[in-house]
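Two complexes follow with chain A in common, the first pairing it with chain B and the second with chain C.
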Partner chain A sequence: MRELVVLFQKEWRENTRNFKILWVPLVFIFFGLSEPLTSYYLPQILDAVGNMPEGTTFPMPEFTPAQVIMATMGQYQFIGMLVLVLAFMGTISRERKNGTGTLIYVRPISYLNYFLSKWKVVGMIALMSVWLGLLTSWYYTGLLFGKVEASDFFAFAGTYSVWILFVVTIVLAMSAWLPTGGAAGLSLLLILIVQIVDSLLGTYWTISPWKISTYATQWLTGSPDSGDFWWSIAITILAIIALMIFGVWMSKRNASKTKV
Partner chain B sequence: MEALQGLSWGIIAPIFIIQLILVIVALIDLTKIHQTNGPKWVWALVIIFINIVGPIAYFIAGRKQA
Partner chain C sequence: MTIILEADHLTKIYGSERAVNEVTFALGEGTSTALIGPNGAGKTTTLSMLGGLLEPTTGTISLNGEKRADVRKHIGFLPQYPQFFSWLTALEFTEMAAKLSGMDARSAKLEAQKTLEFVGLGDALRKKTGTFSGGMKQRLGLAQAIVHKPKLLLLDEPVSALDPVGRREIMNLLKSLQQDMTILYSTHILNDAEEMTDQLLFLRKGQLVEQGSIGDVRAKYDQPRYRVEFGRAEDAIIYSERAPWNVQVEGACGTIHLAQGFPTMADVLKSLAESGLDVRKAERQTANLEEIFMKVAGQA
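Presenting the complex of A and B:
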């Protein structure tokens, strides 16, 4: 237990010093702000930059509050995931490369604690960023478009948090397995590309971790099919545990690859 | 620019504040850091002149994590 605390503190300090604890949340808050604002001011923005001929009228789509929050999540699903992967792709692999790993691996640490300390810190930063961003978006949506019920919003954000933890675990497990570049590539493949495939072909199945974000948005307008929803959550949690075991095993196996 | 008159700046201000914080933090880090990937002055220009993406690009790619 003490070992985990020490490793956790080390990880925390590292992420404070490289400012990840500051800029990752700021990026998510930025998109949480800009999405409701651009939707709200779309007519003015088109007026100012659009160069429309006189008298053009656009039938402006009327956004419902739920749609605006969904749009924010849509931004997170692409740009947000990209930021998370790129920010944390080197969490374990970079330590092997720059020699920090050597300082850690010569001590009799348990690799479970080693992996867990990283998972906790990265997971905390990611969840904090996403929640701050979504809360900002919720606040602004309430201000500009109308109310979204608190219970709906928290069901949505809570469900989405499971997906975020899944993403974080993928990134860390890949970082434990491969060098930084490979970890980034494979994580992006698993997170972004599989998601596109899942949305294209996914009508054939209803239970998958990549459907969690869709189920999350359904909380805003109603509620998802509870059987599919809970099975997806269960499968995702199992996948998270499996990826963590894989990550622990890989960080142990790759420990000898560290540069001295 | 008349179209921009209707905006209420109190609502939009946070966006600029976030951008400003990112630029300032990135610049402070740039002056303190020992070495970057590529010349420092290029990163300074990137951070200052590219909106929002500049500081992020610096934090992801510019810092040499040694």
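Presenting the complex of A and C:
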């Protein structure tokens, strides 16, 4: 237990001193802010910059508050995922590559604690970023478009958090398994590409970790099909646990690849 | 003498290459052992296996007679090029190392500070390791290896990368650790091995080709001889023709190998005095470690 605390402190210091604790949340807050603002001010922006002929009127789409929050999540699903992968792809592989891992691996540590310490810190930063971003979006949406019920919002953000933990676990497990480049590539494939495939062919099944974000948004307008929703959550948590076991195993197996 | 570590037919195979091949040796408690050999002989691989970083392909390592123990609890390890987290200070890193080896927070902090002062980093406790020079990194590397007072210290080329002053200082530090710890270190700087060694292990192409105390190895490979220096090259040739024993001539020097005839120094001096040649110097020579190294490293 104490060992986990010591390793956790090391990870925490790393992410504080390289400012990831600052810039990753800022990216998410930026999109949480810009999505409601640009949606709201789009007519004025077009007026100010566009050379519209005199008297042109656009029927501007009327956004519902739920749609604005969904659009924020839409940004996170691409740019946000990219940021998370790029920021944390080297969490384990980099320590092997530059040899800083060696002096950790020759200590009597358990690789479970080693992996867990990283998972906790990265998970905390990712969840904090997403929540700060979504809360920002919720606040400005409420101000500019109208109210979204708190219960709806928290059900949405809570469900989306499960997906974020799934993403974080993928990135760390890949980083434990592969060199940094490979970890980034395969993570992006598993997060972005599989998601596209799932949305294209996914009409044939309803239970999948890649459908969590869709079910999350359904809380804003109603509620997802209860059976599908809970099964997907259960499957995702199982997948997270399986990926963590894989990550611990790979951290241990690959420790010998550290630069001596 | 109690045996602290025993390596039994240790082998590491990478693909078809045997990096370390059936290496067997034992380290007695409180002894210092030098692992020497040319580059690529398998020194680092051997140390990595002993340090628990690499799993041996076959063979066993026992610590205090216990096989398959987690050796990492009892060792301090210094890699050849220690790498540190550049965003941690020397004190933070050493403290973390001590805690990960099981020390409680209070004594970890105390020992980290003491150890850093011991290795000469007392002024750099709160400097980030990213700003450290090569010599400072080596000292910090040594500090993290000894901070938890391990029984066994494994050091990979502890002084190779240092300048002469740094090398002397680190060697002195290591010598002062000899009383408390069993030390195994690899080196290709033979003077250092000669200075601080109870046992020599010669590795060549992954195999242990020679082992024993420095005296044993020297006795085995040493070919003592007399070397006589003449004023002129001709004198050396004249002497080689007249002398009652076989003399090899090289320039103005004649060398008499002791294997043939065993003349005493007195015999040699007498014959030199009688010859009336211009003798500058006569001495008995023994092989130094370097010559032994070349012999062992070069043998087929």
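Things to note:
Criterion: the second predicted complex is superposed on the first by the 260 of 260 C-alpha atoms of A that agree within 3 Å, B and C clash if a C-alpha of one lies under 4 Å from a C-alpha of the other, contacts with A are read in each partner's own complex, and residues count from 1 in each chain.
The rule is simple: contacts are C-beta pairs under 8 Å (C-beta built on N, C-alpha and C of every residue); 3 or more make two chains touch, one makes a residue touch a chain.
All of these numbers come straight from a predicted model, not from anything done at the bench.
Judged by the touch definition given at the top, the superposed model places A:Leu143 against chain B, while chain C stays out of reach.
Look at A:Phe30: by the touch rule set out above, it reaches chain B but stays clear of chain C.
Legend: residue contacts after superposition of the two complexes on their common chain; A:Thr258 is shown touching chain C, with no touch to chain B.
Contacts of A:Asp228 after superposition on the shared chain: neither chain B nor chain C is touched.
Of the two partner chains placed around the shared chain by superposition, neither chain B nor chain C is touched by A:Asp198.
Of the two partner chains placed by the overlay, only chain C lies in contact with A:Ile109; chain B stays clear of it. With both structures placed on the common chain, the touch criterion links A:Glu3 to chain C but leaves chain B unconnected.
Looking at the shared chain after the overlay, A:Arg13 reaches chain C, while chain B stays out of its contact range. Applying the stated contact rule after C-alpha superposition, one finds that A:Asn98 touches each of chain B and chain C.
Taken together, the two structures place residues 18, 98 of chain A in contact with chain B in one case and with chain C in the other. Looking at the complex, you find that chain A touches chain C at residues 2-3, 6-7, 9-10, 13-14, 17-18, 98-100, 102-109, 255-256, 258-260.
Of all the residues in chain C, the ones that touch chain A in their complex are 44, 48, 51-55, 70, 72-73, 75, 77, 79-85, 87-88, 92, 96-97, 99-102, 141, 144, 156.
Residues 1, 3-4, 6-7, 11-12, 14-15, 18-19, 21-22, 25-26, 29, 52, 55-56, 59-60, 63, 65-66 of chain B touch chain A in their complex.
Residue ranges of chain A in contact with chain B, taken from their complex: 18-20, 22-23, 26-27, 29-30, 33-34, 37, 41, 44, 47-48, 83, 86-87, 90, 94, 98, 140, 143-144.
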